[in-house]
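Multiple structures are listed underneath, in structure tokens.
What follows is a pair of complexes built around subunit A, which joins subunit B in one and subunit C in the other.
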Partner chain A sequence: MFSFTKNQEVFDISGVHIGGQPGIYPTVLFGGLFFKGEPNFDDAKNELKKMMTLSEKTGNPAIPDFFIKKEEDIEDIINFIEKTLPKNYPFSVDITDPSIKVKILECLHEKKMLSRTIYNSIHVGITDEEKLTLEKYTPDAAIIVAFNPKDKSPDGKIEVLENGAHLTDKGLLDIAKEIGIKKILIDTAALAPGENSGASIAAIPVIKEEYGLPAGCAIHNVVEKSKWLDNFGVARKIVDAASNITINIFGGDYAIFGPIANSDIVFPIMAWNDILISEYTENYFGVSPVDSHPRRKFRP
Partner chain B sequence: MNENYYPWGGDFTVCSPGGCVAVVLLIIDHIPPEDVAIYGPLKTENIGVEKIVANVISNPYIRYLAVCGEDIRGHRAGSSLVALHKNGIDKQHRIIDAPGAIPYIENIDEKAIERFRKQVEVVNLIGVTDKKKIDSIIKEYTSKHPLPFGEPYVAIKIKPEIDSKMDDKRALHSKIVVDYMGKIEKRSI
Partner chain C sequence: MSPEIKTSVIGSYPIHIDGMELMSKYFDQTEISWKKYIKNAVSDMIAAGIDIISDGQTRDPFVQIFTRKFKGCRIRERTEIIGKIEYNDPITIDDQKYTRSLIPDNVELIGLITGPYTLTKSCVDLFYNDEKEIAFDFAYGLQQEANALQEYVDIISIDEPFFSMGIPDYGKELIEIITKDISCPTRLHVCGDISEVIPEVLDMPVDILSHEFKASPHLFNSFKEYSVSKKICVGAVRSDDPRIESVDEIVDHIRKAFDVFGEQIVQLAPDCGQRMLSKNVAFQKLKNLVMAGEKIKWQRKKFH
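Let's turn to the complex of A and B:
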């Protein structure tokens, strides 16, 4: 449970506050949709409803993270977001295929949804075409993934943010700023088991003290990729959800916690942890939680 | 199995010690014929590809690399592996003409990559999901019994230099200082 010397940025992304000193704002939770198989919009609607209810109960803001795999899905998913989410509610789009990034941004622009879009993500694989499109159609916020294939330590992550680690012509922070992205969230790039994934947690306080920007990661990815956990039956879901508490305990501001279906465990766990953090940080550092914080909802 | 084989570890199954085919599984759930040397999934176009290169060249009996199944959208790990074999890497360590999102080879040196390119022939079955067809093509190659490619090559993992000393009292990381109450400050140099 930490307090940072560096001034900490707090971004208001379409009503959701993210960042700041630990203990003030609740951890923002990104629940993923459409990662596996074909998009099932009925299931997605139900899962979103459940996540929103949990968010209201706990106080932890929920952001749906829509994985868009292929071109044929773009319009359907964006129409679904437009129709299903409350007006102006923020969401993120998670896109790995470079060839469809441009089309998604164009579509979000046409539908006037960029002001509530979190672009997930900018990384060392960014192309010139992607940069130009982002300049033209700039989302409200973007996640920068500090993945350095050569050096997975916090230093390596800082290297890609600072100078691109010779993989890009300049640092990812400068690239994002030149594009015109004002709200930058740093993802400390959790990798596979055995790939120094602990560094993605250790990097959170280092990066927050270095830049004052909101930081977090998808630490659950490490659990998801573990074969060893197959030996423990039902424990997988619990370990997956529980792995997220390393994020807020190390001062992080958000967790990309994986499948939205894990919301039922993730929200209470993270809220509980936020309560403990807030108790400590208020007592020792004098920071009070906001009205929406889980601690305000806590009844001993 | 020679204990020096497959030093980089990973998610794979070892089969026949003298098998000449290694099978890379993209989006396909399949157990190839048991006379292949090794098989396993490939997910990422950087770390995953590096592990395949390092493990394949550790076993000189492997002369064919069959890459099968649908490629992974976005990452395009299979196509990036094929591109590495065909083109190598550029000065920025990017796999030349790889279609993946972040196709960088950073933890393995160029000698190892060259050895990989010379040692194996790629059997490009990307997009092929018919398991019978895959097995029949693999069998064509396993029946060739080519000679091994010299001695095993143990690729050294390139590691970033770590500047740490026994008297370093840092908590978490050298860039920050954490006091006993949890206050973090940037370490002054």
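Let's turn to the complex of A and C:
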């Protein structure tokens, strides 16, 4: 368990606090919706309700992470977010196609929702058009994916943040700052098993110590690619959810935990681990958890 | 091209790396291959008619290609030395093997080594506090790479641009460490204005010397003062200027080189790596270089 010498940023993203020294703020949990690209809004509504209830119970903030894969779904999904989430509640948009990213930013601007948007994500594939659109329609926060195809180690992740590993004309941090993004979250880029997958966890304290920015990742992706788990029946879902505890135990601030349907297991596991961390960090480093922390909620 | 004079490259070739394509591989969690980029560079060099090609050094700038793989180095804004420098695993061998598989039998392959002094001068030292020790540790690491490399290439070129700013008294020893067990021909490329270090360069334990004569034509006069027994690679098109030299302009330049070096000339090349040029410009420069070489060959045959 860690305490960092570098001052740790805490961002308030539309009421959700993220970052800081381990043991103070509960881990923020991003639950994914519409990953398969076929939005089912009834199911999504139920799942969101379930996740919000778990969030209230445990104290771990929940961020719905909306995958938007097709241009024709943009309006429906943004309308759904507008109608379903509480007023001003933060959410993230998780998009890979640069042309869809541009259209979504325009749509979020029109609907005046950028102040509650976490843009997922900026990475070495950023296009000039995307940069210009981000400058024009700047979301409140953005996740930078520190994926360096040349070096998968924690050093490689620092390199891509610092200088873009010569794949972009400058470092990803500078790109985000020049765009005008004030609240930057670092995703340490979990990789498939055999591709130095543990480096994404090892990189969390390295990045927090180097920059003081909130850090986390989607470590559950590594579980998804661990095909051997198919031989162990129900274990897959449990391992998938449990993998997230590697993030907060290494000082991380958020977990992109995969399908929102896994909330029922992920929230209690992460709350349990946050309590474990907080007990130690308060005793050893003297940092106290905030009132909303699971340790306050479940004080024995 | 006459058998005694060949067209060559110095090292890098400009290839656009598609960041989004790399990210798609990340999102799909599938393996990233660099072969497409190597093939792209190699295809251009072959299409231009170059006799001795490289892998294009597409992965990284010429310093980071090596420092990324050495123990004791980490890459930040520049490479930082944070521990003892040691050779870890082969650095360029896989790319050279792949490049070899792409090229026809009549095209030769050049293996590229960034020199130990240039690596030393390009890094930020946070460990040694002794520049000479760093340079020697790099040299011993590069020796292992060169020894492995010679199996797969026809010639090895050591790139030492920092020599142009002064060669340390141990400079020759550094190069000797790399070349002493190499059985294929070796070339030392030093770009920049080397007029102050010509005697030391002429004494280097390599077969061929390569310099940027096009950007620094006054070097012809500087070399006239010395007896040159080494073979020469003439830089004949600029690597720092997008203007495409005409074939006649290149021919005139090579003629001037012949006035100074005569039969010692064995290679014609760009002044330096072409990374900073656009792909179209780099390609056209290589094409014109090849055509100029053919013209020289024809004229020399006629003359003889």
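Note that the second predicted complex is superposed on the first by the 298 of 300 C-alpha atoms of A that agree within 3 Å, B and C clash if a C-alpha of one lies under 4 Å from a C-alpha of the other, contacts with A are read in each partner's own complex, and residues count from 1 in each chain.
Definition applied: a contact is a pair of C-beta atoms (placed from the backbone, for glycine too) under 8 Å apart; a residue touches a chain by one contact, two chains touch by 3 or more.
What you see is a predicted model; the values in this text were computed from it and never measured.
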item: Joint occupancy of subunit A by subunit B and subunit C, clash or fit; value: clash
item: Which superposed partner A:221 touches (first subunit B, second subunit C, both, neither); value: second
item: Partner chain in contact with A:98 - subunit B first, subunit C second, else both or neither; value: both
item: Contacts of A:123 with subunit B and subunit C, given as first, second, both or neither; value: both
item: Of subunit C and subunit B, partner touching more subunit A residues; value: B
item: Partner chain(s) touched by A:149 [first = subunit B, second = subunit C, both, neither]; value: both
item: Touched partner set for A:241, first subunit B, second subunit C, both or neither; value: neither
item: Partner chain(s) touched by A:163 [first = subunit B, second = subunit C, both, neither]; value: second
item: First (subunit B), second (subunit C), both or neither touched by A:185; value: neither
item: First (subunit B), second (subunit C), both or neither touched by A:255; value: neither
item: On subunit A, the residue positions that both subunit B and subunit C contact, one per complex; value: 96, 98, 123-125, 147, 149-151, 155-156, 158, 166-167, 191-192, 195, 225
item: Complex interface listing, subunit C residues touching subunit A; value: 17-27, 29, 31-32, 59-61, 64, 68, 74-77
item: Of all residues in subunit A, those that touch subunit B in their complex; value: 1-6, 69-70, 95-98, 123-125, 147-151, 153-156, 158, 166-167, 191-192, 194-195, 202-203, 205-206, 208-210, 225, 227, 251, 280, 284-285
item: Subunit A-facing residues of subunit B, complex; value: 9, 11, 43-44, 46-47, 73-75, 92-94, 100-107, 158, 160, 162, 172-173, 175-176, 178, 181-186
item: Parts of subunit A lying in touch with subunit C, wherever the complex brings them together; value: 96, 98, 123-127, 145, 147, 149-151, 155-156, 158-159, 162-163, 165-168, 189, 191-192, 195, 221, 225
